[in-house]
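Both complexes below contain chain A, partnered by chain B and then by chain C.
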Partner chain A sequence: MDKKIVATTSLAGCFGCHMSVLDIDERILDLIELVEFNKSPIDDIKTFTKHCDIGIVEGGCATSENVHVLKEFRKNCSTLIALGECAIMGGLPALRNNIPITECLEEAYLNGLTTKDNNPDRILPNDEEIPMMLDRVYPIRELVKVDFFLPGCPPTADLIWNALTALILGKEMDLPYEVIRYD
Partner chain B sequence: MAKIVTFSIDGQKCMAEEGQYLVDAAETNGVYIPTLCNMTGVPPQGSCRVCSVKINGKLTTACTTKVSEGMEVINESEEIQDLRKAIIELLFAEGNHFCPSCEQSGNCELQALAYRFQVLVPRFPYLFPERDIEASNPKLFKDHNRSILCKRCIRAITDERGRRLFAFGKRGDRIGISIDTKLAANISDELADRAAEVCPVGAIIRKGRGFAVPIGQRRYDGQPIGADVEQAK
Partner chain C sequence: MKSIVQNVLEKYNSDATRLMDILIDVQEDQGYLPPPVLAEIAETLDISEVDVLQTVSFYHFFSTEPRGKYSVYLNDSVVAEMMGRAKIAEAFEREAGCKFGEVTEDELIGLFDTPCIGMNDQEPAAIINGVIFTELTAFRVKEIVNGMRAGLSVEELRAQSLGDGMNASESLHSTVDNNIHKTGAVIFSDYDPGEALAAISKESLSPEQVIERVKASGVRGRGGAGFPTALKWEFCRKAKGEKHYVFCNADEGEPGTFKDRVILTERPNLVLDGMTVAGYAIGATEGILYLRYEYRYLRDYLEKILADMRAAGQLGKNAGDIKGFDFDIRLQFGAGAYVCGEESALIESAEGKRGEPRDRPPFPVEKGFLGMPTIVNNVETLCQAAKVVVKGADWYRTLGTSQSTGTKVLSVSGDCKFPGVYEIEWGFSVNDILNMVGAETGEVQAVQVGGPSGSCIASNEFSRILSYEDLATGGSLIIIGERHDLLKVVVYNFIDFFAKESCGSCSTCRALTMMYRKTLEKILAGHGKRSDVQAMLDWVPIALASRCGLGHTAPNPIVSTIKNFRHLYEGRIVNADETFESSFDLETSVAEANRTVGRKL
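Showing the complex of A and B:
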């Protein structure tokens, strides 16, 4: 059997979901037999070098760069998985969704306890190199089509393992009670 | 003694006392019908529709229906299960449910139902409504982002003189629970505990407790909501 090609990324996430991928413990040795990683923080490949079978996205979209990477993933991956609460519904970053973006930036850079005395010119980050913050945090399915959703903060290692092996081997996914968690 | 009636759930023969509500009668027979707005001992109001069943071919709520002789109940058809699942998903989409940072997580009836129905993602888009929180009460913390408007707090919580502590404020999609600040200012610890307890979600939280039970030991960590009813069979 040809190895499936997998890409992963973390958008507005905390890397917890990636840690949970590693949490499959010694099964990672079996996984390596089944897949080859392409663009991913796991192997540090920065750009897609070929079309991938499976794209795994952690985190929602909080900046223009997140949107760009997400669209690249959709273009380069046959199957796209939203991994974790942030990719699915914005997660904790989306707590800001009802606060106007100006207020968020002012709190972080002008009025916050640690910044108010240290930013005498009252500068909000505006360098062209810095991605623009979006007005709110978007669940990724609001921007691209998503094929599968694996909830959890982070998703349990067993949920990730069951989903990946089902996809790779073309089986029905095993969903025992303990694997679905939102926290 | 009350008269005993026979009826059936999904073809299984059941017996109960005449006049019992169907959810309770089902429980006595080891059958779990999911509920959310209902509470044993408090008159039902039938608002959440999670307990929907088909009785003699007609869709209705099991918490408000009394059993009668010869009743034929469908509890587990694909259609009904999907309807219940849709209602649960709707509640997640129309509120702001950040389970990872919620004190109720693991003990929450809404979340537990979503686990039981294997909700991986709601089929509806998230609304991210603007909802307030209220932290002025010395013992209770109200987070309206998580309220499912089941009215359990309004229906079940009164002080020693029978006065209600909670009420609905505003109307339409702005509707929310308000606490009677004067009455609630001096409530006992027991009543505060009970208020937090009757709320099926994390909308009424007891202050000073935080994340009291470790992950793995919370109410729904080990087994699905309703499993106790099914096992008692």
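Showing the complex of A and C:
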């Protein structure tokens, strides 16, 4: 069997979901037998070098760069998975969604405890190299079609393992209660 | 001198289960519920302040901030929209000088939206300080606002001829119209106050015999669900409890329904005797008539009738001359929440709490009001049952069809010549009704049967028969002419209503109502995809996991129009690309941040 090609990325996430992928422990050796990683922080490949079978996205979209990467993923991956709360609903970063972005920026760079005395020129970062901030944090399904959602913060290693292997081997997903409960 | 708050608390014996009455009385006196007053109420009732606040925050007529010396609540239901609400709202904003949701700077006038107030046959209509204003025009709005500036009382502002029937009576004195266009054999026929009780005492009917007679008649609930009435009474009679309670459900919150208002106006004794008969049948001593706050204007009228009934011995000790049967009735008002029409929410509300539906079982017939066996029946159901007791089951079964006996009172509104109330026997088709009410069948696009929680049908189903066996309905028919944009005007209004009225207890109902609304918005904005339409159908089983009927039926406006008017959805799908969402626009979403930091795209 040809190895499936997998890409992963973290947008507005904390990398916790990626840590959870690594939490499959020794099963990572089995995984390596089944898949080849392409663009991913796991192997540090920065750009897509071929079309992928599966794209795994952690985090929602908070910046123009997130949007760009997400669209690249959608274009280059046949199946797209939203991994974890942030990708599915926006998660913690989306707590800012009820506060206008201007207020957020001012709090972060002008009025916050650690910045207010240290930013005498009252500079708001606007270098062209920096991604632009979106008005709110978007769950990824508000931008692109998502094929599967794996919930959790982070989703458990077993959930990721079960879902991935099912997808790769073309089986039904085995998602017993223990794997998707959060209490 | 005691404070008004203390007086009110005393009136209700500082009983925390009467919190609704306490809050309503205080708010009517003060115009709103200032936080220090809530603290005082909490302290006297010996409950925590948040307990008071959580009840206050649940009901949209309660406010902890001033809502103006004159608070205008303008109906924003779909029929109001169809009858020109937008122009009236504009006129109010222009004349008053503030927007809806705001109070003028001098705190004279507050303008607020409110869902269907049960006046669909005389829209646009508003409630101002508890008084109903119907058939508003921009000219009238100007007069009214000028009157407010001149300090006129609400009664003076009204300056309109009184309504028909009992609306013109001294204790009601309202400009509301009944618009009864068809009377039938059961409800709008002759009835002498006390007749049902007299039948019981004359024939010496035992409670079991009353239940038997109602059972033989085949009466089923008229509140929507169609549960056999006698069965409910029997369950309750058999349930153990120190006391049993009868509730009459006059919450009538389903947009498009207003027949209970007319029945309460024209046949109040039939309703109240129906409660008494039910009380006798289940072994209750107390009945509670729960009315939506929108019907507050009926209070003095109904209180007077209750007083007359007590004087005539129809209530009180040995009520209706039935030995050993003590029974009395009191009124209970809500404060603006559709979900309170759901029977367990209604009971919670009557106990002074948030109107959140309970988990069932146990059903109210076992554990209802204050944990005691309780029946909740619709206004019309109780009338039907009372008439059965007077005239017998055999007579009753001659009316209607074999499965659906008796008559049904319909509330008809929308695009027709004669909106109003019609009492018909079960068994007429939708087409018959359209002819009856003067709707040009060729010009009818759709009929919404049973309100937003019912279904929206197209002409291919107009031959269906109103009955429990075919097209069951709580009685509301909204006729929607060809000229309206069905999705934008009607369906959106309905799903928005559910999103606002969801009590929020179940995540399924809380989230799905929002998701339905958002998805419809997306489709209306031209960003919809075929998969969005499919998704809305796929969500139905999830909605059915909710606790109460609101969550179960909230998808109906969308699901029934996808089924019956699919072309309207498909016609709006312009985004053929299923993989990318056209609703997201990078330029728009970075605009504000870029402006703030001083950066060009």
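Simple rule for what comes next: the second predicted complex is superposed on the first by the 180 of 183 C-alpha atoms of A that agree within 3 Å, B and C clash if a C-alpha of one lies under 4 Å from a C-alpha of the other, contacts with A are read in each partner's own complex, and residues count from 1 in each chain.
Note that in this section contacts are C-beta pairs under 8 Å (C-beta built on N, C-alpha and C of every residue); 3 or more make two chains touch, one makes a residue touch a chain.
On a predicted model such as this, the values are computed, not experimentally measured, just so you know.
Engineer: Specify the outcome, clash or fit, for chain B and chain C once both structures are aligned onto chain A.
Structural biologist: clash
Engineer: Touching A:Asn126 in the superposition: chain B (first), chain C (second), both, neither?
Structural biologist: It touches chain C, and chain B stays clear.
Engineer: Once chain A of both complexes is superposed, is A:Leu92 in touch with chain B (first), chain C (second), both, or neither?
Structural biologist: A:Leu92 contacts chain B only, not chain C.
Engineer: Pick one for A:Glu142: touches chain B only (first), chain C only (second), both, or neither.
Structural biologist: After superposing on A, A:Glu142 lies in contact with both chain B and chain C.
Engineer: A:Thr102 contacts which: chain B (first), chain C (second), both, neither?
Structural biologist: So A:Thr102 only meets chain C here.
Engineer: Let me test your reading of the model: by the given contact rule, A:Tyr182 touches which partner, first (chain B), second (chain C), both or neither?
Structural biologist: first
Engineer: One more residue to check, A:Gly112. First (chain B), second (chain C), both or neither?
Structural biologist: neither
Engineer: Would you indicate which of the stretches 5-13, 95-103, 131-139 or 167-175 belonging to chain B has clashing C-alpha atoms with chain C?
Structural biologist: 167-175
Engineer: Using the superposition on chain A as set up above, list the residues of chain A that contact both chain B and chain C.
Structural biologist: Dual-contact residues (chain A): 136, 141-142.
Engineer: Tell me, which parts of chain A touch chain B in their complex?
Structural biologist: 82, 85, 88-92, 94-95, 97-98, 136, 139, 141-142, 148-151, 153, 175, 177, 180-183
Engineer: Using the touch rule from the top, collect the residues of chain A that touch chain C in their complex.
Structural biologist: On the chain A side, the touching residues are 64, 67, 71, 74, 100-102, 105-106, 124-126, 128, 132-136, 138, 141-145.
Engineer: Within the complex, which stretch of chain C touches chain A?
Structural biologist: 531, 578-581, 583-584, 586, 588-594, 596-599, 601
Engineer: Which part of chain B faces chain A closely enough to touch in the complex?
Structural biologist: Its residues touching chain A are 96-102, 105-106, 111, 114-116, 118-121, 125-126, 128-131, 215, 223-224.
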